[in-house]
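Order of writing sets the labels: A, B and C. Residues in every chain begin at 1.
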Amino acid sequence: MSTLTPVGGPALLPGRPAVSLRSTRPRHGESLVRFLLRVAAILTIVITGGILIALLVPSIEFFRTVSVFDFLFGDRWAPRFADASFGVLPLVTATAWTSGIALLVAIPLGLGAAVFLSEYAKPGLRKVLKPVLEILAGIPTVVFGLFALQFVQATVFRGVFDLDTGAFSVLAAGLVMGVMIVPTIASISEDAMSAVPLSMRQGSAALGANRMQTTVRVVFPAALSGIIAAIVLGVSRAVGETMIVAIAAGGQARIVTGPLEQGQTMTGFIANAALGDSRVGSLEYDTLFAVGLLLFLVTLLFNFISIRFVRRFREIY
Amino acid sequence: MTTNTRAASYTTGSDQKRTIHFPDEHAHRSKGLPAVPNAIIECKDVNVYYNAFRAVTGVDLAFGSKEITALIGPSGCGKSTLLRSLNRMNDLIDGARVEGSVTFQGEDIYHREVDAIEVRRRIGMVFQKPNPFPKSIYDNIAYGPRVIGMKASNMDDLVEEALTRAALWTEVKDKLKQSAFGLSGGQQQRLCIARTIAVKPDVILMDEPCSSLDPIATSRIEDLMYELREDYTIIIVTHNMQQAARVADRTAFFTALASEETGDRTGLLVEYDLTKKIFESPADQRTEDYISGRFG
Amino acid sequence: MTFLTTGLGAHIRSASIRGKVRGGEHSARSVLFLIALWLCLFVAFGVLLTLIITTLIDGSSRLDSRLVTEYPASGPERAGLRPAILGSIWVIGVTAVMTIPLGVAAAVHLEEFADRKKWFNRAIELNVQNLAAVPSIVYGLLALGFLALLGVQNKNIVIGGALALGLLVLPVIIISTREALRAVPLEIRQGSLALGATPLQTVWRQTLPASVPGIATGAILGLSRALGEAAPLLVLGALVFVSFDPNGLLSGYTTMPIQIFNWTSRPQAEFHELASAGSILLLLILLAMNGLAIFIRNRYQQRW
């Protein structure tokens, strides 16, 4: 054993009294900061609680005046009229029309783009298209709304096709909203398909399947939960989208029976009614929150479904 | 050596066939530790668990001050797990739990009032893969002294001293401000050693420090370890038996027992002695099998 | 991907079986499928391209310096975005100051300190995921309710708008910060702790600095989303005639998307042109922000 005296190293046993390992400095700062970080995280729960309370309190006021049944199943929405009526069905049908049209556009286009990017595009092309997709996902919805109103409705529908429609239609709003949602669906389902292991594709190719067969029969089913999550998220975005419908779908709350009619959606109503500067505590003010609560619950339901599916696809790989 | 008889007892009887159960656990505790003069770290009946799974069982070991001790054995025998329990790096793993006692200079490092951070300051660690920080070479070295609030009158001198001791100074002295990621793997590992020296620990734990390095870089690290032994206690886990034979004063051989029910492998100490004795005349058959390459 | 390509390529090139394989790469169905995929991409990008082009055409006549220097006016030829631009800067600035520290702190707690086995922490995680998909207009309602609770009469104030947009951006920042923290290898944390650094020092001096590019990217993307957002501010009554520069937290304001919305709802075609010109400006700003985010990600992101 070497008995040289330490040069740069520490003084060692024996001879040195053991210095205690117990903390030399109390780390109060450390605990305080960690406590604050924790508070920040808990604040997110507080926000959700805040949303619920903020929506519930005026909604309860609202439902003291209007019965839940009349609200959910009434077919006349006229909160500002003298003989006020609070049947939410007209708003719901308009939301269903715009969202339905949007999804008819967004699902095939989004999935097609995702399949192309994931299975067919060369790496170089993909490297360009993915960021472009991300940027397109960030176009403000006001701009989409303007496009729907001026170009799709006015120029194309009324000008080129000479359709029997007014200044607004749920079709124009829905179509443009669909295009707006394409990047969301494409991006998430592309992630899901890219996550399918290469070995599964090779296994399929080795059996003589061509690329289409591999895509449709192997990759697509394997990525299904991620794809469903993307679609469900698309649904919740369509239901919650405000500006496009506020600009292009119109402002009359009537039961919508055809795509060329105008209609006011739930979000459209909230945006519009808020302009009227309703007094806090008035029935009109409470109405906003009742519709908001319905909207929140619907999207919450879709989000939970989406999260469940995402979890499942994370578990597989 | 007492450990030999203790280890031998594990192989006898039908105990091995059941789930791991050691009836003589307590009987041996009184027999004391292997005779290591000047022990700095002592393990007494150390068991390490990951949740319900027992990764290491009943280890009695003492590490001599300013010696190099090697921990060898087949993979999954709990060497690294034991090493990590010596400076409480296991604290960072969810569900990890240490039973028994690990003392450093006579003080139980798992005592409720002991500060794990203080323990790690005294017992440093070098990892399997070089893990320089994404900072300059200089800042990699200065990081430790800064965070522990060392009152270095001149940080530049401290950095130079640490790099010199780690035999890296001449190679990097002109590029101290450059990213540590620009260094080769061997240089990175020496940087990690220098970084550890800079906080002036008493013990340096090394977890297979050469496993990702080429033979030339490996031999430089071995030379370095030998020089550092003058001032530091070094405990090294290695897969490379020649390495243990070359550098270590003492060697502990571990093996793993598989439970028949769950297939979980629990590590235990078979034999601990002077390196020369372990490699030339091991007392236990399993050690001999492993050393001669018949097993593992 | 490349392996797949070459693998299949080799399969086709084995000429003798080329014609016989019914489901070959050049079968009618396969080709149709590929055409359909191209069409999807083409239509999606085509419509978006049309959107940008028509907006450009409509707005080009008003894309001049008056757009940024003038105040809104009843006559379209004299109207501009000046207060709206300043309002956007104020609101987004305050949003950033409020949200980034809070979001990063919450993410650090969840990623570095929270015990994931505890149900409470899992609930927080689930909740953050959920908040990310709540419609923006609901955040407007929350801010409206909150300000009403405080007894604030005039809800069209910078801090109120920042509150609504902050709630919208918070989950985005939390999620992207967590992803950035997760990308820092465990070895870096262990290396730091093995030197005697405390967990907090490790976060502050190692993990967090290494994640800055990822956090910055996420924050910029989140804020650019907030910049283009109009719905929550609409609920808070931001659609007002503002002919002054906003100058403080309690100042009245309007923002660019709101002003654009205002102009779209006017009957005169000149206002629609103005709206298009404003849209172009907004798109350019957002493009610059997105470009910056992508640049930071590609340039500074640490590859481990």
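The working rule: a contact is a pair of C-beta atoms (placed from the backbone, for glycine too) under 8 Å apart; a residue touches a chain by one contact, two chains touch by 3 or more.
Not measured: the values here are computed from a predicted model.
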Is the C-beta contact count larger for B-C or for A-C?
-> A-C
Using mean Cα positions as chain centres, tell me which chain lies farthest from chain A.
-> B
Cα centroid separation, chain A vs chain B, in Å, comes to 50
Could you give the separation in Å between the centres of chain B and chain C, each centre being the mean of its C-alpha atoms?
-> 48
Using the average of all C-alpha atoms in each chain as its centre, how far is it in Å between chain A and chain C?
-> 12
Flagged in chain B as touching 2+ other chains are 117-118, 122
Note the residues in chain C that touch 2 or more other chains, in rising order.
-> 198
Send over the residues of chain A in touch with two or more other chains.
-> none
State the interface residues of chain C toward chain A in the complex, per the touch definition above.
-> 1-4, 7-8, 11, 21, 23-25, 27, 29-30, 33-34, 36-41, 43-45, 47-48, 50-51, 54-55, 58, 102-103, 105-106, 108-110, 113-114, 121, 123-124, 126-131, 133-142, 144-146, 148-149, 167, 170-171, 174, 198-200, 221, 224-225, 227-231, 234-237, 239, 257, 260-261, 264-265, 272, 275-276, 279, 282-283, 286-287, 290-291, 294
Show which residues of chain B lie in contact with chain A when the two form their complex.
-> 38, 40, 64-67, 104-107, 109, 111, 113-115, 117-119, 122, 149, 161-162, 165, 197, 200-202, 229-233, 249
Listed in rising order, the residues of chain B that touch chain C in the complex are 87, 89, 92, 94, 117-118, 120-122, 124-125, 127, 129, 131-134, 143-144, 147-148, 192, 195-196, 199
So in the complex, which bits of chain A are touching chain B?
-> 1-2, 4, 6-10, 12-14, 18, 20-25
List of chain C residues in touch with chain B within their complex = 115-117, 185, 187-198, 201, 205-206, 209-210, 302
